[in-house]
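Shared chain: chain A. Partners: chain B in the first complex, chain C in the second.
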Partner chain A sequence: MARPADRSQRLRWVGFGLLLVAGIVAPFVAYPTFLMKLLCFALFACAFNLLLGFTGLLSFGHAAFFGGAGYVCGYVVKHWGVTPELGVLAGTAVAALLGFAFGALAIRRSGIYFAMITLALAQMVYFLALQLPFTGGEDGLQGVPRGHLFGLIDLSDNLAMYYFVFALFVAGFALILRTIHSPFGQVLKAIRENEPRTLSLGYDVDRYKLLAFVISAGLAGMAGATKTLVFQLASLTDVHWHTSGEVVLMTLLGGLGTAMGPVVGAGIIVTLQNELADKVGSWVSVIMGIIFIVCVLAFRRGIVGEIRALAKRLGIS
Partner chain B sequence: MADETILETRGLTKEFRGFMAVSGVDLRVRRGAIHALIGPNGAGKTTVFNLLTGFLQPTAGAILFNGADITRDRPAQTARRGMVRSFQISATFPHLTVLENVRVALQRERGDSFRFWRSDRMLDGLNQRAMQLLEAVDLAPFADTLTVEMPYGRKRALELTTTLALDPELMLLDEPTQGMGHEDVGRAVELIRKVAANRTILMVEHNMSVVADLCHTITVLQHGAILAEGAYAEVSNNPAVLEAYVGTAHD
Partner chain C sequence: MKQRLIALSVAASLGALPAAPALAQARVSDGVVRIGVLTDLSGTYSDLSGQGSVVATKMAVEDFIAADKPAFKIEVLSADHQNKGDIASNKAREWFEKDGVDMVTDLVTTSTALAVMKIAKEKNRIAIVNGAASTRITNEDCNDVSVHYTYDTYALANGTGRAVVKQGGKSWFFITADYAFGHSLEKDTSDVVKAAGGSVLGSVRHPFPGNDFSSFLLNAQSSGAQVIGLANAGNDTINSIKQAAEFGITPKQTLAGLLMFITDIHSLGLKTAQNMYLTEGFYWDLNEQTRAWSKRFFDRHKRMPTMVQAGQYSSTMHYLKAVKATGSDDTAVVMARMKKTPINDFFATKGQIRDDGRMVHDMYLLQVKKPAESKYPWDYYNVRATIPGNEAFQPLSASRCPLIRK
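Take a look at the complex of A and B:
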């Protein structure tokens, strides 16, 4: 007898299998550069969701990890001539370290104070990105070479670059999925649901929150470092608080606390930005604002969350 | 004598900006007893609980658990020592299933709760124990139900079960029957009596019939200090206690 949990799990794996196939054939259907951008933001949003959706921590400074890692990756690739995979690794590592420092400070407070501390720290990173000599200031770090993967595969070929990005996304996504469905993830969900109770059961909740923060920051950094390679540019936009806000929007729109939600949310936002940018110009911000309001007022569970709730009502899963 | 006492406070005091929430409380909880902490609203009962479990730091005084000074322990530490509390409000994990609620408590002892790279399938080994605990409170049929969808009385039973899963030496229950219907209260009393068989219980309770029925020793708090202490018959006839309760609208 299959328990309902097993069946929905099987359904989930079928879903992931289909998505994997879709990801492999996608560059033959759509522009690879657009897809790469989408994957970078999707990974960024998934990393963010680990914190907000599964631990209940609202960070308003995730652009610091995303953009900061972009600068680190761009610098070591451009000036030290390291291979792209090492560049991404360096960006990820620095973002994780930064996450450790930010997290250690921020988790001393909760709620709005937590969000404000992360925002303040991220603004410092923005300031550094603007002022430090190696970042290129207003112009950003330009002309970052994509280089050769493992010193062998030329990534200036868009298709090769796409599969590199796709592989990184799958790896990052798999790590998040595993984290969510691990003993550690179970404690994170307990903290999200009722922190004092988790504490009273004998868990040092701060240490769990900190590890979640580090994983989230590291993966956000991986996304940002990858984006730098794709566009051969690390820019101030990626460390700006707009980006921190955008990732909140993506996560909420797609579905907080669902595995696929942030991917869907990132897909919608990135697509809209791409489609609308040359048609309506800066009105894009207004449209995003309206979408956000509609989402929060009308379907608070986000797209994937609402679909899941509907499926549950109909007794499908 | 020291062995007889599981928990002791000496001059326990908590001051909030000049307001003495708890002042000079000397509490002694006998091992194996069901000990009640009662008193009018604002007497400092919940504050005492928060002090005992490290959720608040005392302004002065000491707390000893099994003879060890735990005054400066953090909340998670007191739980690991074997002193586990429940909360006044129903403290469950609403969007986890009933089974998962209990499993979170069982999981800690395994010591692998930081392993984010392992599958939570490894926790399935705890299911049997969790189901046993749920069966004891007739919650087994709801194992796969989301806790948020459970009625209030059942949630409180689940909370108690989650606390029990840690097999604590000393259980602190903050108003375990609060907000319960008459039938649920009877059930909760039986449950508490059952689980008290091999442990100590310190409880805050407003329902006097529950206190009279269950508790060996009663400590009455008023304005943060101990007003009276003893068995129910003794305390309930104490003129000072009667006076403290006059006009506080207790049935």
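Take a look at the complex of A and C:
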């Protein structure tokens, strides 16, 4: 008979396997462009969750990485004519660098000050995006070609593009899973639970926090760069602080500090935005607000968090 | 018989013959023409386009069906793009790929218009832009499947700038939103003012979006300029006008709005907005024809139409007539027909779509009435001048559109 820990581990892998299969058949069932958008936001929320859910750092400036990488990717693909995978790489690298700069400053403070520093820095990025000539200001960076993957596969085909996005998502998600289950991830959780104690155990807390920040920023950048390729444009929306707020909502709704939570949260928010926009118009924001209030009042662990707690109580895992 | 059919279909595909109704049914893909109204249903621009644009489109479709009895069906879809380029691009893609939409229209805000135009080109469908203002639509980013129908920033800047100087407003000062759109609006207008013999005393740039305009307004006041040009849009314009009235700048100095709509005047009130100059492509109270149509619109929407909404009706009608005349919803065929046929209705006289996609028609220089002059609801403007289309819009010789060979 297997030990309970093994069983839960096995359940988890079965779950991920099923999701992988679902991801592969999804474009034949649902509309691919919508799915791609969903995956981009899911990756963004997962990256954010690494910081908020596992390290306990509330960044309010993640739109800067998401949108900033989008502009970089769009620019190099459109004007330097590089292939899409290099474009995504460039976006990710710039976002990680930006994350390093942001993080180095912000981790010197904690709590609300940390959040405000990230917000202030993100607003600077917004200002740059508005002012620099290459971003097109209000009009956005338009007409980014999807190009050919590795110079071979034509991505203007929606199905090919979908699998490219899906592969990127799986890679990003796997990296996050690996991170949170590694000793490094354990230290991050320790910092979240009790920072002074972690420090007293001899861990250089600042370095851990900074690295977590950089990984999170880089992955958020990867999501943003991918989104630029999908929609063939980078716009101010993605660097606006609304986007920073939206990703907090997605993470909280899905379940803070759970691996699947942000994916579920992003799924719900993006679907709602997509489906309701035509039917209720401006009420979308009100509905979101109500969902958020219900979520933080009634099930504070988020959807996935509640399901996990229920499963634990019933002794399934 | 067979030969005749072939001959007819060849003729129809060339667009040379008005096709027989039976043939039209055969040539319109799946017998349905689908029009997608992609607009701002919830945000800043929902007043000037939004639901009103959807209403205008539906009116056009109903009138067309009643008058022309087409053999094909017409469906109108609508969606909210929330002024976000990515949402617009997502929706347009979905419409083209999944729902078989033939023409997307309205498209308020330039980022959404440019995004949708690119997708329309890729999918070979038609995009008719009524809401967005940028001249990029018919210059750097022009393509052969898009029409810019109602107005653009060049026409507004040019109309207001030149006409105000002609009316005696020789010295100008600009309050400019500090981003690409504001800069280009200021530059376009200054050029026109100088060319018309006026002078520009200076300008200030305010952050976008702005709330407190006091220091910029005081700058403008102390410059002593006769006219203060507002090179900004939306709420920035509204706020600067309100604060100008509070500071007592108006009515001593005159404001010139470079991008304003009748709905803005409606929400500001005549007391605040009086004497202001602006340019629009349509005013409901111009003549019998405009009044008749606008009253019908008012009955359904409870507001008088903006130029965008009127343009929405006119462009939809023009499109549907082209579909009927060619008996086809093929993009190239319909576009050719739309460009060939002049537009004569309540909205435009002898309107013409150029090769760069610009629909050229007369614009109107308007001055906002004083509260005492306004006799009935929505009686807001004195028409100061009619600007002929070929003077109002950027000439083709100055076009930066790659489709235009010089």
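Here are some notes:
The rule we apply is simple: the second predicted complex is superposed on the first by the 316 of 317 C-alpha atoms of A that agree within 3 Å, B and C clash if a C-alpha of one lies under 4 Å from a C-alpha of the other, contacts with A are read in each partner's own complex, and residues count from 1 in each chain.
Convention: a residue touches a chain if its C-beta (ideal position, glycine included) is under 8 Å from a C-beta of that chain, and two chains touch if they have at least 3 such contacts.
These numbers come from a predicted model, not from an experiment.
In the overlay built on the shared chain, the residue A:Gly172 is in contact with neither chain B nor chain C.
By the document's definition of touching, of the two partners only chain B reaches A:Leu199; chain C does not. Of the two partner chains placed by superposition, A:Gly267 touches none, neither chain B nor chain C. In the superposed model, A:Gln232 makes contact with chain C only, not with chain B.
Of the two partner chains, chain C is the only one that A:Gly143 touches; chain B does not reach it. By the document's definition of touching, neither partner reaches A:Gly254: not chain B, not chain C.
Chain A uses no single residue to touch chain B in one structure and chain C in the other. Residues 53, 55, 74-77, 79-80, 84-87, 91-96, 100, 103-105, 107-108, 110, 112-120, 122-123, 144, 162, 166 of chain B are the ones that touch chain A when the two sit in their complex.
Every residue of chain A that touches chain B in the complex is listed here, in rising order: 3-5, 175, 178-179, 181-187, 189-190, 193-194, 196-205, 207-208, 211, 215. Here chain C touches chain A in the complex through residues 41-43, 46, 78-80, 82, 84-87, 89-91, 93-94, 97-98, 109-111, 114-115, 118-119, 122, 134, 136, 141, 178-181, 208, going by the rule given at the top. The touching residues of chain A, when paired with chain C in their complex, are 31, 33-34, 37, 130-131, 133, 136-140, 142-143, 156, 158, 227, 231-233, 235-238, 273-274, 277-278, 281-282, 284-285.
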